[in-house]
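Naming follows writing order (A, B and C), and every chain is counted from residue 1.
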Amino acid sequence: MSEREQALTVRRTTPASRAGLAGAIVVLAVLVTLPVWGDPASMRRLVEFITLLVLAQMWNLLAGYAGLVSIGQQAYVGVGAYALIALADDVGIDPFLAVPLAGVIAAMIALPIAAVVFRFQGGYFAVGTWAVAEVLRLLVANTGALGRGTGRTLKAVFPLARESRELVTYFLALALGVAALIGVYAFLRSRFGLGLMAVRDSEAASETLGVDVFRTKLTVYLVTAFGTGASGSLIYLNLLRVSPDAAFSINWTAASIFIVVIGGLGSLEGPLIGAVVFFVLRELLADYGSWYMILLGGLAVGVMLAYPQGLWGLIAERWDIRVFPVQRRVWRA
Amino acid sequence: MSLLAVRGLDAFYGDFQALFGISLDIAARETVAVIGSNGSGKSTFLNAVAGVLPVTRSAIVLDGIAVGGQPAHEMVARGIVLVPEGRRIFPSLTVEENLLVGAYRAGSGRWNLGRVYELFPRLAARRRQPGVNLSGGEQQMLAIGRGLMANPRLLLIDEISLGLAPVVIKQLYEVLATVTAEGMTTIVVEQDVSQVLRIAHRVVCFRHGRLSLAGRPDELSRARIAAAYFGV
Amino acid sequence: MGWIDTVVQGVLLGGLYALFATGLSLIFGVMRIVNLAHGDFSILAAFLAILLMDALALNPLLSLVLVVPVMALLGYGLQWHVLNQLLGRGLLPPVLVTFGLSIIIQNVLLETFSADSRRLNPGAIDTASLALGRGLAVGWFSLITLGVAVLVLVGLQLYISRTRGGRAFRAIADDRTTAALMGIDHRRLYATAMALSLGIVAIAGVFLGVRTTFTFSSGPDRLLFAFEAVIIGGLGSLWGTLLGGAILGVAQTVGAKLSPGWGVLTGHLVFLAVLLMRPQGLFAQPRRVDS
């Protein structure tokens, strides 16, 4: 009987997660000090990397956790970008402050969009989100105040010295990256996150347990719109020049999808690994233009067919590691 | 040589083992009743024979050929046809279309639309209606008719009495009696023991995935059947 | 009379859109898959036609004789070897895989044919027109497109409702496990459905290529218009698809007449309006109760 009474505890941290936390702190320290020992080109590259990673994490949250497969997230990249220009140039708000505000605007626009696209399920939902993104693109391309097809340049940053602008942009990106990671992690570990994963696994079952499926999905959709919009505005704070075809391009979503699929859907570690692979491939194949996209597409298809759990899924299964543990596990105390 | 020889049949749902080494011979033109309580493995047995569940090759031998593990649609081509539990009428098809689709991979034989309508005149009266508009008993007739359209060599029938009134069940078994009397080799899984014993040449009983009884209906007393059924 | 002409052009354009929409609607009805590369396959077909025209000096309409079977075969193989492997894994994998295919096809076309706009020249029929009186004239080619669309729809409708194969399609769309009990191998039928879908969209692609210029990136818009036509018309109704295509076509032509940049956008807005006001589509067939 005494063996039965031996206490069982429920814990979330694992040895790997503790190691991961330590590693993350080291990486963060390195990144924070980069402006001191690094060059502006690497800072800009890192901003690109982080913003793309955030886009991918948002897409992962939507598809991997909420089960909403969207190919229209570029709508919010575009909204974020144009919100930045409008807020900074037209309204006169500090451009760095405009980044989170752009995220808020994206979330606000996401509400009526959700009213439209939530009428669909599955594959038709995907096409619906893309249709909406196209509508936004065309509306912007036909609006004089937003620069029509040629677009606009962010002028509000001109008074600033280039180094200062790049420095603040860099730290803003770091902040966004960390906030996104912590935010998503905390979100999933919360009661809300538990409900979300229940919905992902079985909508019907979770409904019977009292999870409001619609509210859950809507909340996730709005939150990811915010994250995507903020990231989009940061992307264009880095690039300075916006046009509808670029800001609303499906390539943003394509990149997110590839990163998540290759890295591993439905985990926090997956998009990290996927983003690294994506960037490495991009550097290696920079001279080969479309072959790079063909390879990426082929890789995504191949991974989906053979290793749907992605690179991180393979690693996690093989060594049972969770760096960002979201599940609870039973341990002997 | 028996038409169907089942040898050491095991069946699993994932990790859960539902059948343990079932061995049974069915002769041509024979009607065998399979009885047992819920969860005893009788429907699993039919699914295994029909190819719905994966099993080892040698476990199912039809006319001397090992066919275990063939998928269901292949088994139909070999003449093993299952009338599934719950009828499962196609909602997008009319009564007649449901019957016709039953003949998708039909072997040669005596059963065709005309004969099925003779057997079940109520189906003929409703031939152009959507199959799902029929009452429970009529849907069961449709399901049986659909199975017959494939001209099976071995007809498997899974629990036709579920959800039906006793008088309807009685009618169904009367019709089934004419089919088996013509020589159709049949395995009937049934909860309503009294009805099925009337048409069966032999009865077997399942309990916890194993055979607990086999014999001719007239040889077996009610007490023995109950003992095998409930394990008392 | 300008407006009547515009509307007529829109209806004829609708014929083309109906051709695009039919293949999409067919595979969704049978296997609940949306092929995100649907439009790209049509452009692939158009480029195949270009190859044949260059190699054999064939009229593009004649090239269909080769292009359609090739695309149908491609569809069969795609379903059999790729998409069938994803069955039972939920809605995500087919969306992602077909999306990946879309990217692959576009970039392969870009590498092979460059970014130049191309067009299929059908010869004299290009400019031939039929006078309908009152100063109204319609292009022969547009009429042929509409005619072909109607033929394809009628043929498909007859196939689905009257033949053994069509019954099997409806059976597996309802319940593929029970259909297996009738001897129906759903994998083969899925592959056949995809073959049909790509064969039809190949026709649409070639007709598009005759009608207007196209490039490697023209695919996604075709998918979008096909999707919109299906939704406007209503799921489950092939005739609804034709009418949905016509409504979309008219919206686009009227919008373009009002302001040149607004053609496609007007179509999108009409689509959204229908979606918001009558989400089941304008001509949807109520699906019978699922068992």
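One rule holds for everything that comes next: a contact is a pair of C-beta atoms (placed from the backbone, for glycine too) under 8 Å apart; a residue touches a chain by one contact, two chains touch by 3 or more.
All values reported here derive from a predicted model rather than from experimental measurement.
The chain with its C-alpha centre at the largest distance from the centre of subunit C is B. Of all chains present, the one whose mean CA position sits nearest the global mean of protein CA atoms is C.
Subunit B and subunit C have centres, each the mean of its CA atoms, that are 44 Å apart. Once the centre of each chain is set as its mean CA position, subunit A and subunit C turn out to be 33 Å apart. With centres set at the average Cα position, the gap from subunit A to subunit B is 54 Å.
Contact residues of subunit C toward subunit A in the complex are 28, 32-34, 36, 82, 85-86, 89, 91-97, 99-104, 106-108, 110-111, 220, 223-224, 227-228, 231, 261-262, 264-265, 268-269, 271-272, 275-276, 279.
Those residues of subunit C that touch subunit B in the complex are listed here as 164, 167-168, 170-171, 173-175, 177-185, 287-291. Chain contact summary for the complex, subunit A toward subunit C: residues 63, 67, 69, 71, 115-116, 119, 121-124, 126-128, 130-132, 134-135, 138-139, 141-142, 250, 254, 257-258, 261, 265, 289-291, 293-294, 296-298, 300-301, 304-305, 308.
Here subunit B touches subunit C in the complex through residues 50, 52, 71-73, 76-77, 81-82, 84, 87-93, 97, 100-102, 104-106, 130, 132, 146, 150, going by the rule given at the top.
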